[in-house]
Amino acid sequence: MRPSRRAPDAMRPVSLERAVTRHAEGSCLVKFGDTHVLVTASLEEKVPAWMRGTGKGWVTAEYGMLPRATHERTRREAAAGKQSGRTLEIQRLIGRSLRAVVDPIALGEKQIVIDCDVLQADGGTRTASITGAFVALHDCVEWMRARNIVPAQAKVLRDHVAAVSCGLYSGKAVLDLDYAEDSDAEADANFVLTGRGGIVEIQGTAEDEPFSEAQFAELLVLAKKGIGELVEIQKKALGL
Amino acid sequence: MRPSRRAPDAMRPVSLERAVTRHAEGSCLVKFGDTHVLVTASLEEKVPAWMRGTGKGWVTAEYGMLPRATHERTRREAAAGKQSGRTLEIQRLIGRSLRAVVDPIALGEKQIVIDCDVLQADGGTRTASITGAFVALHDCVEWMRARNIVPAQAKVLRDHVAAVSCGLYSGKAVLDLDYAEDSDAEADANFVLTGRGGIVEIQGTAEDEPFSEAQFAELLVLAKKGIGELVEIQKKALGL
Amino acid sequence: MRPSRRAPDAMRPVSLERAVTRHAEGSCLVKFGDTHVLVTASLEEKVPAWMRGTGKGWVTAEYGMLPRATHERTRREAAAGKQSGRTLEIQRLIGRSLRAVVDPIALGEKQIVIDCDVLQADGGTRTASITGAFVALHDCVEWMRARNIVPAQAKVLRDHVAAVSCGLYSGKAVLDLDYAEDSDAEADANFVLTGRGGIVEIQGTAEDEPFSEAQFAELLVLAKKGIGELVEIQKKALGL
Amino acid sequence: MRPSRRAPDAMRPVSLERAVTRHAEGSCLVKFGDTHVLVTASLEEKVPAWMRGTGKGWVTAEYGMLPRATHERTRREAAAGKQSGRTLEIQRLIGRSLRAVVDPIALGEKQIVIDCDVLQADGGTRTASITGAFVALHDCVEWMRARNIVPAQAKVLRDHVAAVSCGLYSGKAVLDLDYAEDSDAEADANFVLTGRGGIVEIQGTAEDEPFSEAQFAELLVLAKKGIGELVEIQKKALGL
Amino acid sequence: MRPSRRAPDAMRPVSLERAVTRHAEGSCLVKFGDTHVLVTASLEEKVPAWMRGTGKGWVTAEYGMLPRATHERTRREAAAGKQSGRTLEIQRLIGRSLRAVVDPIALGEKQIVIDCDVLQADGGTRTASITGAFVALHDCVEWMRARNIVPAQAKVLRDHVAAVSCGLYSGKAVLDLDYAEDSDAEADANFVLTGRGGIVEIQGTAEDEPFSEAQFAELLVLAKKGIGELVEIQKKALGL
Amino acid sequence: MRPSRRAPDAMRPVSLERAVTRHAEGSCLVKFGDTHVLVTASLEEKVPAWMRGTGKGWVTAEYGMLPRATHERTRREAAAGKQSGRTLEIQRLIGRSLRAVVDPIALGEKQIVIDCDVLQADGGTRTASITGAFVALHDCVEWMRARNIVPAQAKVLRDHVAAVSCGLYSGKAVLDLDYAEDSDAEADANFVLTGRGGIVEIQGTAEDEPFSEAQFAELLVLAKKGIGELVEIQKKALGL
């Protein structure tokens, strides 16, 4: 039995609260159980230098954890003077995941910067970030549409995108690992899928022993179930 | 009339919510109107090198703003690779303010690290941080007392401490400036006082024209009123 | 047809040259076609601080590209003052991949540092690095065994490990992408497998359109073929 | 009695030597007793990016201490790779203090950079810096006037500005603390006033026990006396 | 007798292999015995800001050592976050040495960046770098000439340039020190001369005892002999 | 004729003022004409980690220029976040030059840190630094001797050391170049010699055209003359 006493295919309670901060064009407080991430989407007039004049837009992401989001306090990256490899890896993943569902021409030559700041961590911060970031990004695009910065009919977001982790725990495939489960899992994989079930990203890692193809297939089955649920929750939150 | 339509001596609505994050020994979400700061207090076994073996404890603070806490997104300090002068100045102020009411011998050779992270900014982030940090620090000390890390009778906190800003707006002294007021104020001062009215820190700055001694005295009168109210709110939040 | 005119399931010519540098305990010049990586394995007496006294060893990796390994010169990371997110991500992957086949107790409380420096890049630098690093690591362990630093019978390496990339090019699954293919691929995945076929790492990314589960399964079939070949080449190079 | 044997309201001997370095448009070697600061004012054609095209000028300041200006050698900030929080705080204060008496329109779209480098420290380095910087700034403006870079009649400097520290030592208010007094003071405040007695900056800090409003008023009385004397010394040095 | 058993005036075997990397406009793998340096020359359209519009070109150099080029692994400079003083000193020397034989007007407003990366070190890495860099630079210029980026007749390189170290070992002047000799030498000097024997750079350092003018003259005699041989090897490699 | 109207073999007026700062164990304000450098020698109990337990002492140096020591203001290295290659090169040279005349065993396991800060620059800052640093170092050693930190009879300094630059100006060898001469010189060399005429360091660089052996010999003749004079001035300053 998993430490969380959840069924192997059960997600933690998920909530997506919109418009949680006053200044951002889009924002979302996403909770996967005790993992809480505040996501903002900020519209910027300037795209990166290498995109200027292309007529295409860009979505990028930054990620951070408050120092005491974790069990033990971790050093503040601003004080350390650099972002860790883990941070850079996660924010690159978030950016790629969102761009997979954005039509850059429909967006027009603008940049949207997504900030994912973990207020409280209990495993799965990157998957919660992606899932919540889609909502903040959606609201940012609607904010732009309301001001005719994107045309009324433009389909900037081509699909939903959401993410979940799965893992092998005591030899069994389980969905949406919390911190305690993640620490003891034999394998751990993150899946980013679209609303129509297309695969955007897969990252799987064996912790101790390599895992088999069959085990990996089980993880993918769970991921599809979980992400199906997450997309429903996104739709409900967005009133779609 | 001030932009906020408040009376010159009126604070914004203030709230202090305790125990808002799962891992920290003490925490507080402090709101001064639209300024929201998440404060955590983390107990660490190790004091700074220069204090080892003295038997005395230490309280230090770090401060940060989420990139989109502000009207325009500001650059993430972790990505920039350093903390700004403004950030360093504020976190030094917060640390000094708290140490002014801590008995380092009663605390014992431990360090408490205060993290103040601004989720949403609308002026007065440093004064809100100090006011909320006192609550988080208090709860951290009680957490320690409950585990006999500090003795049952030890008086670690010798008094309350809270802070407020005052300023000259259209020539008139006003209390607790929000962002719009702060941007147009002719002078701006931050006061840190104890529960008994002792002065811990005063920082006053003329923006354009120097101000007079009489004007400064008016600001101090307002500050004492405001901080009196803040200490009452602290007491109520803490059930004292 | 792929730009390289290779069959979809054909690897580039692969070579693994051992003992290519005079000072390192183990070294390997690995070539996957025009991708050339110089790998060294360095024995260090000291393990990371958090491992001291555990009796267990550690393998870690660093990765770099010479500035003109690429078509256009890229900025030297030492001059830029930091390693890019891509570099950090790759070197974390190499380290995890190798540790997956190392028995840390058999190694004993030592650290082996793997350095992978790309002399010439044409796609697949991370997969070539892992494949060559296994050889350098093997020779470092044998160097230690010859000096009784690891016991004669100790099985430090529990299996082979190698890596290859696969991708979807013009809708078709192809093995071992070179730079031209990688730039135009619709999807790109890196697989790290053991000699017995266990999965150590999977990283798959859609470039433009999400890909399907069936397509992903095709990539995995190719990867198993390619890594089977790489393990044979490792064995031949090592005289096993 | 204070360690320096000075009367409570007595400044240290102060001197302001002009034109002490060959290249700068304005310069001043300021001494407050054993505290010696070399100040230069450098004219630059370029204002900060956010001021371009406004027709207004800017004055900014940087501060540093030679490593052995102090009792014990301190680490060179250039070697450490960053300026300390204390340094940043002081140079921000110097810049603000000078801007308070500069008419940016009369100056025109130019930048004057003030460098304050402490050759020898014995307390009060920031107040000596401000007092000497006014002289260097004045000479830089006259240098510009002599070359018609500012018009003959332009009143760029609207008033004098000078600074002094005061503190509570053994319970008594004293003026212009040296290092020994500062180390033992119960409170410490820096005042920046104009020639006409307007307040530009006040920074007061309790070291151990909070201080009272009455005590603060005493400090301000001393500060006004001291700054009155400093402004006279400035006038004499400048031949006004 | 020297540890290498070479005659006092004998160089190590030297080889210069051209076109060793696929992407660079010019490249050379230079070996002075066991010292191996991979040199590339990269053409860039942009000159440094301070040269724009002058019609003149620029040659600059960067230098690095692979971490395990040395007996003991040295820390990767990219990971350390900065280049050492030794690295900066060497790359400045390489750049100056090459510019001494380049006609910047004949080159035209382009920049050539030389990268010298030490694959294996055994003393004399800076002298090997300069000697090989001349070959890579030559091939880069010919690459440009073949594409009419420099005119057919333009004499961009006015002479050869090469470098060698000499030292006092057991009181005797010896040519081209390897690592073992360098570690025990009483003095150590690097000479950069042109093909016609002109002096471009001399750097001599006493290790323990100062050396005499007569001893220095002996070193210069050896250097001229060695560099004469190196220039012949350059000519042969370049088919001149 | 040289811009300074000095005879080719004439030094600028040189002065060495001792004990110019209150805290340092030794100090010297050295002037070579308009080049002014403040040098301090600081005794530290701790030697570098790699020397602990050897019983030997160490002398090291740091170098800096005040931002407006130069004609145009240069960026403050502490603000830039790193020391330039030029700075690192100079401070390494100063340290090596001093160590050439120090007996590390006679010094005992202590470290002396030399700080050379250029207050005003007009060419020759490194040679003035070395010449003045000898005086500061001497006084630091005598300070130690007076306190029995080095034995009464210990000969810590084995000889004098001083430095001067020479160059080819309009084809003629000249001594002690100032900034105007240095900017137009065809070649430029720095010599560090001992009191007995031994060579410690030679650094010669051709600016445009290579120079000849005969020209270099002329420079060395001038250097010996100049350094002879500098050593006399050192002796006089030190009362030897």
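Residue numbering begins at 1 within each chain, and the chains themselves are lettered A, B, C, D, E and F in the order written.
The criterion applied here is as follows: a contact is a pair of C-beta atoms (placed from the backbone, for glycine too) under 8 Å apart; a residue touches a chain by one contact, two chains touch by 3 or more.
Chains and their UniProt names: A, B, C, D, E, F = Ribonuclease PH.
Keep in mind that what you see is a predicted model, and the values were worked out from it rather than measured.
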Trace the shortest sequence of touching chains from chain B to chain E and report its length in steps. 3
From the centre of chain A, which chain's CA centre is farthest? F
Centre to centre, by mean C-alpha position, how many angstrom separate chain D and chain E? 51
What whole-Å value do you get for the distance between chain E and chain F if each is reduced to the mean of its CA atoms? 28
Of all residues in chain C, the ones touching two or more other chains: 81-82
Sequence of touching chains round the ring, chain D onward through chain F: D, F, E, C, A, B
Please give the residue numbers of chain C that touch chain E in the complex, ascending. 21-24, 27, 34, 38, 40, 42, 44, 62, 64, 66-71, 73, 76-83, 87, 113, 115, 117, 119-120, 122
Spell out the residues on chain C that touch chain A in their complex, using ranges where they run on. 82, 84-86, 88-89, 91-92, 96, 100, 159, 189, 193-194, 196-206, 208-213, 216, 220
